[in-house]
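The next part holds the structures, each set out as structure tokens.
Shared chain: chain A. Partners: chain B in the first complex, chain C in the second.
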Partner chain A sequence: MTTTLAAPPDRVRAAPAARRRKLSTNTSAWLWLAPALILFALFKFVPMARAISMSFQEVRPYLGDRWVGLDNYRTVLGDEAFRAAAGHTVVLALGETLGSIVVGLALALLLEGTARHLWFVRTVVFLPTVTAMAVVAALWRILYYPAPDGALNSVLGWIGLGPGQYLDSPHTSLWSVMAVGIWRGAPYDMMIFIAGLAGVDRTLYEAAAADGAGPLRRLWHVAFPAMRAVFGIVLTLAAIRGLRVFTEIFLLTNGGPNGSTEVVMTLVYKLGLERNELGVASAGSMLLLVATVGLTLLAQLLRRRS
Partner chain B sequence: MTGRRVLAMAVTAAVAAGCLVACGGDDSAGSDAKAELQIWVRKPPGSNTEKTDQQLAAAFTAKTGVPTKVTALFDDFETKLQQAAAQKRLPDIVINDTDRLGGLVKQGLVREVDRQSIAGQADLTPASWSAATGADGKIYGVPFSAQSFALFLRKDWREKLGLPVPKSWADLDALAKAFTTGDPDGNGKADTYGYVVPASTKRGYTSWYFASFLFSAGGDFLTGTTGKLTPAIDSPQALAATTEFQKQFCTDKSVVPGSVTAETTQAHPLFETGKGGIYLTGPYNMARFDKNLGKEKYEVVALPPGPGGTSVSLAEGENVYLMAGSANPEGQNRFATYAVSPEGQTLGMAGDTDGNVVRLPVNSKVDMAAVRKDTRWQLFAGIYQNGARYVPVVPDWTPFRQSSADTLNALVADCSQDPKAALAELAKTFSDELTKQGAKG
Partner chain C sequence: MRQLDTALGLGAVRGPLGRIIKIGLYALVVFVFAGPLLALLVSAFGRVTDPTKLSLIPHDLTLDNFRTAVDQGVLHYLANSLIVVGGGLLLQMAVSVTAAYALARKQFPGVRLILFLILSTMMLPEEILAIPLSLVLSDVPIVHVNLVGSLAGMIVPVGAWAFAILVMTEFMRDVPIELEEAARIDGAGDLRIFWSVILPVCRPALGVLGIFGFTMIWDQYILPLLVASDAQQFTLALALRSLRADEQVGTGVLIASALLALLPSVVVFLALQRQFMRGLTSGAIKG
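Take a look at the complex of A and B:
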């Protein structure tokens, strides 16, 4: 038997043409992508690269930056306030993630369906997510007003409790901020869960019901397994949102009282823009970026394994 | 097919090229004495104070022919300035607080001012020039406005309760407690309080508020001469002031609830809506409170003497900063000269209106009484002249203000904290910061 490695003559002629076509298609695709890539480069990648370089320098825009190596990282990691802020960030991220998922799922189960009035109710429930954070913060500051005649305290007073200090006590401030985060984040998760629930094959519910499964068992053994991917997405998004929490803290407490709500982002903001330590702030940002990327990769890994 | 592909390529190339052109920046900058001056002021956009700044700039342009553009920013002013600095596109002029000088110098964002290049410089008060002087003895700004602080008291409440104007801190505390428990607004509810305090750590507000009490107790943040400073925040006098401050929150409970997370924009309404009746603040709030509360309902008095036996207000103000990298340094000098001239200062005072950007004039040739008929301004002028004190001169005051604000906020937020131990810890922080800034004695 003899074999030949030579391609048929017509294929030999066709190969350069195919390559040209592929090259042309690729070039066209890249050119169409170019505007987005340029914008990304200008507003994401270049600033990110600059932040990495700043984290190794003492930043003085008009006097010239000074190379300080890992000093900024040592300063950040050796700073008790940063470690406390990292702890608060983790607690807040965990609390807001789990709280938003539980409440979001409960809302999704309540509001899933095709009835026409549900569209209106879902829109109303979704409003906190699309309302500007400044408005949300102002509203919650009023609700949380810590005097006996405050809105929440008046309600507590009816049942003989309170008055609570909420944002004004270092013992309750983190939980109070977390409640606002959950209130705002849960409807977002709800929408994703509703989309997930809509994708579950209805015949499976019917089959399970025929087998005698009640509502809870149908939920546990049919709906949840079918929504595994949705849980993965919600968990990842909520965790990243929790780690990068800034606006609600900045507007509600600015990290106080007594540093009880200080998180990494607010500390980085203060270091960089209030105390002019841009290099140290960049190092803190890099550590947060590493944590966020690590968390995302971990979530992806767990999702693939499952 | 080939023709279509060529057309597609041509279109995509055109789109990409168009974007590249659109995305491209113009870094060219003028370098002549007629280049437009970008002026940033820390004033709320749309406010009457912004309008006064606009008028000041317009009058300057009319007089000199140098074009100007005023930008008013209030929230996160320093953040926006940092962003401009990072892009090396600073405005030419910034009018901002005197105590920002150190931070601006440290980063090289302001240029040194040759005092002799400012016509009429000898007419400016020596105290105001010292507020424009850096830790190295060089001048990095031109004084523009000065101010002191006084107590705003609900006169109608005080008279209803039959109490006198406080002459001591004990009187003041008694008044605060009466405002809290005596139902001074007569509505039958326990919904009024004594002190209004912006005790948030944002921008170091707690420290800013506390400074006048600290000075009046005979204490200070630091002691020694410039360049040879040591912490004084753990002195017995500072402890007395701090203990008093904590007592108001924790023992007397005479401070409006919500104060530990309140900044000034949240604190002002607490006074003008009748939540609290005692507020230590600056003269710039008089026009606002006259309008929203009523001039007849409150009175302005000097802070009573503390344990130190004297009444010493924090002195503050604003400088005209000549920013680095300007294309028109001559125009910067000319603007600063105009802003501090009797004409510029008079315009900036804006009579008795709430558009004042010059609180107290820094030019001794200006007769404030001729511009303002409201005699309450004279009280603030008197407090300023009778030894109001600026914060110590260090290369960068911001870390000191922020760390002291953090400590004070902690003490009033968590009443179990020991003031003595907290101040000892703060003194150590101050000491480390002095060493870091090369200013320790």
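Take a look at the complex of A and C:
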């Protein structure tokens, strides 16, 4: 009897205190989050919103922007230069993705293991990936020097291959840029593949060997199926990396010679910051964003399923 | 069954021929991936007679390239780079650990939405945001500051990096709640718990953040490009392009400057590579 009588006032007294405590946890949580939220809002979400709105407008400094609907998108999609750049972007993204995966997988298979010398070789091979793109580009501009006594031409001369023009010829420029991308990207894929290979059940190798399978069949029937998820992730990550390529093109060829290496991002940069056509440039980057987001969601889907 | 440790069983390859092939393959791989970087190192100290050549064998050792590079103001660009990477890394870590503390250790309405919003920016490549970002930088909303032409413009935006927050949040979630409760019973407040309980436990994750953040900021190109209004604010990465364009400077100076831009990232990587590899693989496969 006394307990039931005593209980209600207790609860009544406890409620505001609990609410107050909860309220103060909430405010303190927002305080802890504030620096991040402010920076993300200013430098991610505001630019994002601007990009979306600019892509539907004719941007006129001092005159005020004018709503033009889908005109910018029509201009971009109808522009031959943009279509060519989109083609180069896709070729580059595909080539760098597949190249990095093939080379990365070969490296991973060669350098997998726990021996100390393998660890050393792996570390050395990984260096291009941590090297800043600006340095990579400066270095490869020198290596690609098109004279017969240029660094790469000298090396190829040892094995009897003729001097190439590399970045200076519209026929080889895109492939030369791709090779640099693979050189920098393959070691990254290698590390992920090595991690994937490390997760394969060792007893399966033994079982396969007991069934008389050689190394290649072991690879095909045991290691690869076990790494399906890893392949999916590497593939999409590399494709996203390839789509947004900017710095290496900007520094290696800046789109030249003759527009042979122009990609969407370098074109957007020129449209926006050199020709000041901000609306059209924004429409171009929106299209690229849609492709990137699509690929990212695909990667998430693959990850969920695995 | 040692031979079955790897997919191809290369560890089991024995005999002189097999060894030679293996060593040959390793040498080729090292030559292709590390050769160019080594050539950069060696050539920077060589007298460059021919502007096209890189060399793996040192000859005619000299510091002339560095002397000329210093005359060209490379030390100033290096200083700019170090200020940007130092400031950016400090800000990025501070922002990430505080946000992660709230996201991992506190329950409040909207926590999932905030986490989702932050992570969704991983889908927004900075290249794609470059043009609107340049407008924002020249007139930051609300505060109306112009960051173009100041190193601050290269530092402040890198503070917002979703990957760093993700790594830190995942790590902080695994810190046992008992540690925090014990401290609370002793009368410690949020700040104290954060500083003396959570952060010390998170030291390994801070190492991962440090190296990834360093690599990310050192590799920045488009942001400094948008922010720098003249050569005074060039980072070393930007300076490499203008040095290249300057015929009179010569390849030797370019090589020496590229080496200066290369060394910090290599040193940081080698010093912290164990954490780096762990972060890389867990980020790629788990995250």
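One rule holds in what follows: the second predicted complex is superposed on the first by the 246 of 306 C-alpha atoms of A that agree within 3 Å, B and C clash if a C-alpha of one lies under 4 Å from a C-alpha of the other, contacts with A are read in each partner's own complex, and residues count from 1 in each chain.
Quick note on the criterion: contacts are C-beta pairs under 8 Å (C-beta built on N, C-alpha and C of every residue); 3 or more make two chains touch, one makes a residue touch a chain.
This is a predicted model, so every value here is computed, not measured.
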Which of chain B and chain C A:P35 touches, first, second, both or neither: both
First (chain B), second (chain C), both or neither touched by A:L197: second
Which of chain B and chain C A:V268 touches, first, second, both or neither: second
First (chain B), second (chain C), both or neither touched by A:L109: second
Partner chain(s) touched by A:T253 [first = chain B, second = chain C, both, neither]: first
Contacts of A:S169 with chain B and chain C, given as first, second, both or neither: first
Chain B versus chain C as contact partner of A:P61, first or second or both or neither: first
First (chain B), second (chain C), both or neither touched by A:A85: neither
Touching partner for A:V76 - first (chain B), second (chain C), both, neither: neither
Touch count on chain A, higher of chain B and chain C: C
Chain C-contacting residues of chain A that also contact chain B: 28, 32, 35, 39, 42, 141, 145, 147, 149-150, 269, 272-273, 278
Interface residues, chain A side, partner chain C - complex: 25-26, 28-30, 32-33, 35-37, 39-40, 42-48, 50-51, 54, 107, 109-115, 117, 121, 123-128, 130-135, 137-143, 145, 147, 149-151, 154, 183, 187-188, 191-192, 194-197, 200, 202, 205-206, 209, 215, 218-219, 222-223, 229-230, 233-234, 237, 240, 244, 246-247, 250-251, 265, 268-269, 272-273, 278, 281-282, 285, 288-289, 292-293, 296
In the complex, chain B residues that touch chain A: 5, 8-9, 12-13, 15-16, 19-20, 23, 76, 78-79, 82, 85-86, 88, 103, 106-109, 189-191, 200-203, 257-261, 263, 266, 324-325, 396, 398-399, 402, 406, 409-410, 412-414, 417
Chain C - residues contacting chain A, complex: 1, 4-11, 25-26, 29-30, 32-34, 36-37, 39-40, 50, 52-54, 94-96, 98-99, 101-103, 106-109, 111, 114, 117-118, 121-125, 127-136, 140-142, 156-157, 159-160, 162, 165, 190, 215, 218-219, 221-222, 226, 236-238, 240-241, 244, 251, 254-255, 258, 261-262, 265-266, 268-270, 273, 277, 280-281, 284-285
Parts of chain A lying in touch with chain B, wherever the complex brings them together: 24, 27-28, 31-32, 34-35, 38-39, 42, 60-63, 141, 145-150, 165, 167-170, 173, 252-260, 269-270, 272-276, 278
